[in-house]
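Read through the structures below before going on.
Okay, so chain A shows up in both of these, paired with chain B first and chain C after.
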Partner chain A sequence: MRLPRFDYFGPDTLDAALELLATHKEEAKILAGGTDLLVRMKKGLLNPKVLISLKALNGLSYIKKDDEGIKIGARTPLADIISSDLIQIQATALSQACEKIGAVTLQHYRGTIGGNILQDNRCHHYNQSKFHRSGRQACHKEGGKICYARDESDRCNSTCQSDGATALMALGAKIILASAGHERTVDLENFYTTDGIMPFAMEPHELLKEIFIPFQGGQSAYHRLAFRSAIDYPIVCAGVLLTPSLTQKDEIEGARIVVGAMGRSPLFLAGESAGLKGKKFTDFAAFQTAADAAMNSAATFAVHNVGGTLEYRRAMVSPMVFRALKEAAQAADR
Partner chain B sequence: MEKIEITLTINDKLREVSVAPNDTLLEVLREKFDLTGSKESCGEGVCGSCTIQMDGKPVRSCLTLALEADGCRIKTVEGLANGDQLSDLQESFINHGAVQCGFCTPGMLISADALLQNNPKPDEKTVRKTLAGNICRCTGYAKIVDAVCHTGNPDNQCPDCKTGQ
Partner chain C sequence: MSDYTIIGKRMPRIDSRAKVMGKAKFTADLKLPGMLVGKIKRSPYAHARILNIDTSKAEALPGVKSVVTGKDTEGVKWGVFSYTRDQQFIQMEKVRYIGDEVAGVAAVDEETALEALDLIEVEYEELPAVFESMEALASQTEPIHEDFPNNINVHINIETGEVDENFKRAHYVREDTFVAPEDSYFMAEPYAVAARFDYDGCLEIWCPNGGPHMKSKPLSNAFKIPLHQVKVRKITIGGAFGGRSEICPADYICALLAKKADKPVKIEFTREENSIATRQGHAMITTHKTGVDKDGRVLARETTCYLDGGAYISTGPIAVSVPFLSMEQVYRMESVRYNGYSIYTNKPIRGMIRTHGRCFAAGLDTQLDMIAEHLGIDPVEMRLRNVRKPGEHTNTKSKVGSCAMDETIHKAVERSGFKDKWGKLPPFHGIGIGTNAVQVGFPMGIRGGSQSFIKFNEDGEATVMSGVVDNGQGNDNMLVQIAAEELGLLPEDIHLVSADTETTSSDPGSYSQVSTFVGGQAVQIAAANCRKKLFEVAAKVLKVKADTLAAKNRLIFVKDNPEKSIPIKKVVRISLTNFNSVNAEGGYWPKVDMKREWVSNPYGQMCEAFSFGTTIVEVKVDPDTGQVEVLNATACQDVGKALNPLVLEGQFEGAIAMGGQGGMLTEYHEWKDGRCLNPTMLDYKLPLACDMPNIDTIIVESIEPKGPYGAKEAGMSIAMSAAQGYSAAVSNAIGVYMDSFPLTPDKILAAIKEKKSRPQNKES
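Here is the complex of A and B:
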């Protein structure tokens, strides 16, 4: 498959990249690893006039730690995150999630954490060849007025299948968006629109610069279900964070349960998370209750569009959340 | 859309070439340098038959722009053998019957070679994990995994292997 034509820029500094982005806006796309972007371009889902490569911006590739948390440059390759002891210990869920993205030879060296967060939502009616799509009317995501995944839906129901974003949301991560002369920090859970066509609440002239994971104590874990252990996107995934009480070490003070690959964004389930406060780390019955409640909440968002039957995907939310909770609790108990 | 000059070190030889922005590294290797060992199958990074090494790391050449590889060291399957002398890994593939139709083989060899450089004696689990991004529709993987494991651990007993006979 040939790539469509475009102009290529490889700026040497972040400022130059932001300047280019400000000039070209919607017509430009940022090229980091290219493992998602170039596939979409080859399929004709995207046709940017300009690609701005981050190749020369080595300054965007780092993993640092300060008193408040871990800072990860958006262009950091997944391989660096997987091999980082700091992330493995302090942000276990992220390490587990990155390890499961794609395959070693496929994503880990070229693919970046920023690219994983910003990978476009997917739907098996939309992510198809030009030929396949030419046989029917355009769907919402392609600019039409039809949704093939849910009858009579007035909007796009494409699914966010990012492993990294699910884990990072569980870890309470923030992201830093840079634009020419300006920077803003957003909680990852507030970064999503509820629109499958443009799932991210970011402007065309903004660039994802850094991911910040605050230290909250406690343990995190990530579990996912996919057809194959490598290459495939998850059809259900769950990331959790459990923090112990300062006074009672065996008691849960705060919990964050996030379910991914079920909706237009990873779903932070505030009610189910709050229900775990005050429970013991060994209270598996409470985890099961929370996992079942998470399943009921998340199930309403899912549509039949990423493979697997809908019933199966909905039913699998509970085991994924339960396993993640159990693993995090056992790690905290140690 | 202007052509841009880039420099690549392909299989230890310094080469210069002018490429268009939308040329992938795979297209440049195959069409400009006639290095047709790397194959295009899916073209979207799923199958692994286009795997090459860029600065020692296995990557998909079909999803890498040639411009992004400017100044990098590239190793393709053609760079594994020393003249007519096949590498140990290649010999092992032959001895184990790890090649059937052969279309996935260049990608398998390059992924395995990258692993063996960092981890000369990998266990089976590591080999399977590393080759998880390369799809083979013929062999069922068992012989490929045996071949890679045996390259790293030549003293192991291996019932299927013809090495040393």
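Here is the complex of A and C:
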């Protein structure tokens, strides 16, 4: 498998990168590690004329904190996030999620947090070679009118398998998108379209610059299920955040339950989350109820397209959510 | 214990350093002057008639040097046996699976070659396709191959003893069906082949192979050139596991492109091509019906197995037989009836695989455990009552020589603490045992024997020539160890010329676990003959009788008076100046029944030795997710004699990974209308190093009188018994006997749930 031809730029300032993006727009893709992008290019799934590498853009690699929260540069290597005490303590779910991405070597040398959030949705009917996709009709994501994962579906059901995005959504993260002369901040949970073809609400000339995790004074946890212990995408995952009441410290004030790898984006389950308000951190029965409800809500989004059986993946939402809740609660209770 | 200097010692392999440093050269690394890039156009349809192929646009593309289709092949067909020739190297009339070869191109670079592939226009008429063996069997549509109406391409029937009578007198009879889908080898090296024709019309070819002589003959047939004109060269090989045994259509296409372009051509497979267009393990449906006496001894067994054979027969007759053979080699059965069927489907071609018949073997052991439970016998005792003993005959009339089956069970049981654990572990924590046996070789006709030549150089070092190929398991090192031991030299003094059809003699290849037993033995005999010549000269110099001499550490010395010695180098030089030959040859042909044939006569001496293995596995199952954590695997094999324990332990560990951890827990192919959905390393769930459990390896040496130094084979009966051990352990942990493999978490969880919902009666 070979890479198609492309022009390569390696800007060393954000302005230069944004300038290039403004010039090339749809024809350009950002290379921020490449573990997702280059594989898709080799498979002939996309053919950008221009690659803008962030390799030299060291200015986008940082982990900082201020009074309000943690700021992470989008090009920060996963290894830096994993080894950060700040993130391990204040944003445990993200630390746990990053540890599961790829393998140690990929975390160290290639993978970046921005790249993980913006990894394209996956489907085992779509993420295939050109040969595999020949001799049949093109699917929605290839520009056709058919979905091989769900019969009669009028849209693409590709699955978001980003560990990082699931954890960050649980943490209530915001992302900062930059373009030439402009910046905007978006809540991660509002960043997704409901379209598997282009899952991100982002303009071609925009660049993911920074991730902001607000301090909420709670505990978070992330659990995922895969076939192997490394080099594997999750087939189900869950990130949660539990914050204690200011008056009753053993009571949950706010909860955020997010289920990943089940739909076109990580799923923030508002109802199930709200149901935990006022519960004790030791109320495992409430966690089980929430986990089962989360399973029922998330199950409808999933299709059979990332390996494993659909029935199994759906059933696994509950234990993943329960385990994440229990772990976060126990950490909060400590 | 032994008098050996090098044999039996833990010697790092001669090829390790180059491999770990990335310096070993594989076929894909080859660069020949003027070499072109070859690519293969494959069918995107599972079953279709070819109406027309138009290559004109591809041929007109600048940079394209040759294009070949079925028209260039004269329609030659390949098959392992004269009665199984069903596959054209490039299809002309019909394609039968997604990936079938329809054309080849060679161009100056990969980009041009890929562009040329797109420019080849093939008109197809799609035909109804069948993807499962039962569906194919009942299919009323156009058969996949004309002459096979029910798509059955191989039927093997074996019957010995009074099966029906014995079922009648059996104390307990049960029948169970077990299933498993296809699995793949995932050799570290994707397939690649490089070929060129020289000015004399000789074909020189490099490719991963299970035996160079197994490649040269079909190529000589296909090109209608004498055998000596096909020169299969040695190259580093990154794994075979049975999947490199036959000629690959790409070998022929590559050579044809090279011939037509008059330039060297190399084809490198993508990982996907390696998965779908080389070979796979068969999907199987196996029914075992077993009748035992009140002590649990098997009186009668009837096994029926349907193998999904894919689009072409390939090694079908062997593939249908081997699961049965392993069964009859490891377990005594007073009588047995076997009906094995290989059925054409519109899926990729299947071949031999290291754990051939995982559902067959694991099913058999599962059923034994079920019977044992019914009779109140523990699994270890059940096996001790039924396993093979030395000196017996298998049902198909092979005499079993050395056999330390019992000892492997006892040692594995002791090391794993099986007796203290079985039945006493907490819920969802289990332990299981598997036992298996494997033939060391099978009748291979004219290529059943191996011959070796050894020449001494005047510096006292020796060159050993042998047809044995190293697929990665350490055969090169094995040959060097044997030659060094016999010649009294150090391993670094031995220079190996091997696996090259021009310079080495016929050899069965790394096939059916026979390399050490046959090829290694040929080198041992050649080296002993060579040593004899040196001793005759040394005896004259030392003024002693030749039979009083021994050789070690580059010296020939008097056994009773080691001070009296002469360097081998000096003996060589004296020999040469006195007109004495210092070269020798040797050969070994196993005494097997040459009348034995897979289909027409599956009886007679199969091989000269059998290896026996026991694997005990301890697991913990997560009852909420069905995920299995393997705590420990104990692998114990009767290898005859361990020539190099270091290498053997590596083979055992690899066998646990392939047969157990991958083969029984995660590895299987998923399909959509004949399209393989997980052909890549990301999507096919091969276990990683970090997924592997702790492994205890135990070597048992029964010293096979017919093997070199008593050696048989290493690793194969572990790979098979690992499958059985893993499934038994999981079944034990969840309290449900599993009948569908591999044991993926969804199946385990479903079984746990089903058990919970069952009414609490004690029906087994």
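Note that in this section the second predicted complex is superposed on the first by the 332 of 334 C-alpha atoms of A that agree within 3 Å, B and C clash if a C-alpha of one lies under 4 Å from a C-alpha of the other, contacts with A are read in each partner's own complex, and residues count from 1 in each chain.
FYI, contacts are C-beta pairs under 8 Å (C-beta built on N, C-alpha and C of every residue); 3 or more make two chains touch, one makes a residue touch a chain.
Since the model is a prediction, treat every value here as computed from it, not as a measurement.
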{"item": "First, second, both or neither for A:Asp7, with chain B first and chain C second", "value": "first"}
{"item": "Contacts of A:Arg110 with chain B and chain C, given as first, second, both or neither", "value": "first"}
{"item": "Contacts of A:Ala230 with chain B and chain C, given as first, second, both or neither", "value": "both"}
{"item": "Which of chain B and chain C A:Thr35 touches, first, second, both or neither", "value": "first"}
{"item": "Which of chain B and chain C A:Gly102 touches, first, second, both or neither", "value": "first"}
{"item": "Touched partner set for A:Leu51, first chain B, second chain C, both or neither", "value": "first"}
{"item": "Touching partner for A:Gly135 - first (chain B), second (chain C), both, neither", "value": "second"}
{"item": "Common ground on chain A, meaning residues reached by chain C in one complex and by chain B in the other", "value": "1-2, 5, 103, 228-231"}
{"item": "Chain B - residues contacting chain A, complex", "value": "1, 4, 20-24, 27, 43-46, 48, 51, 54, 57-60, 63-65, 67-68, 107, 111, 114, 129-130, 132-135"}
{"item": "Contact set on chain A toward chain C in their complex", "value": "1-2, 5, 103, 124-125, 128-129, 131-132, 134-136, 148, 225, 227-232, 307-309, 311-312, 315-316, 319"}
{"item": "Interface residues, chain C side, partner chain A - complex", "value": "42-45, 98, 110-111, 114, 270, 272, 624-627, 666, 670, 672-673, 675-679, 681-683, 685, 687-688, 690-691, 744-746, 749"}
{"item": "For the chain A and chain B complex, residues of the former touching the latter", "value": "1-8, 10, 31, 34-35, 38-39, 42-43, 51, 53, 55, 79, 102-106, 109-110, 228-231"}
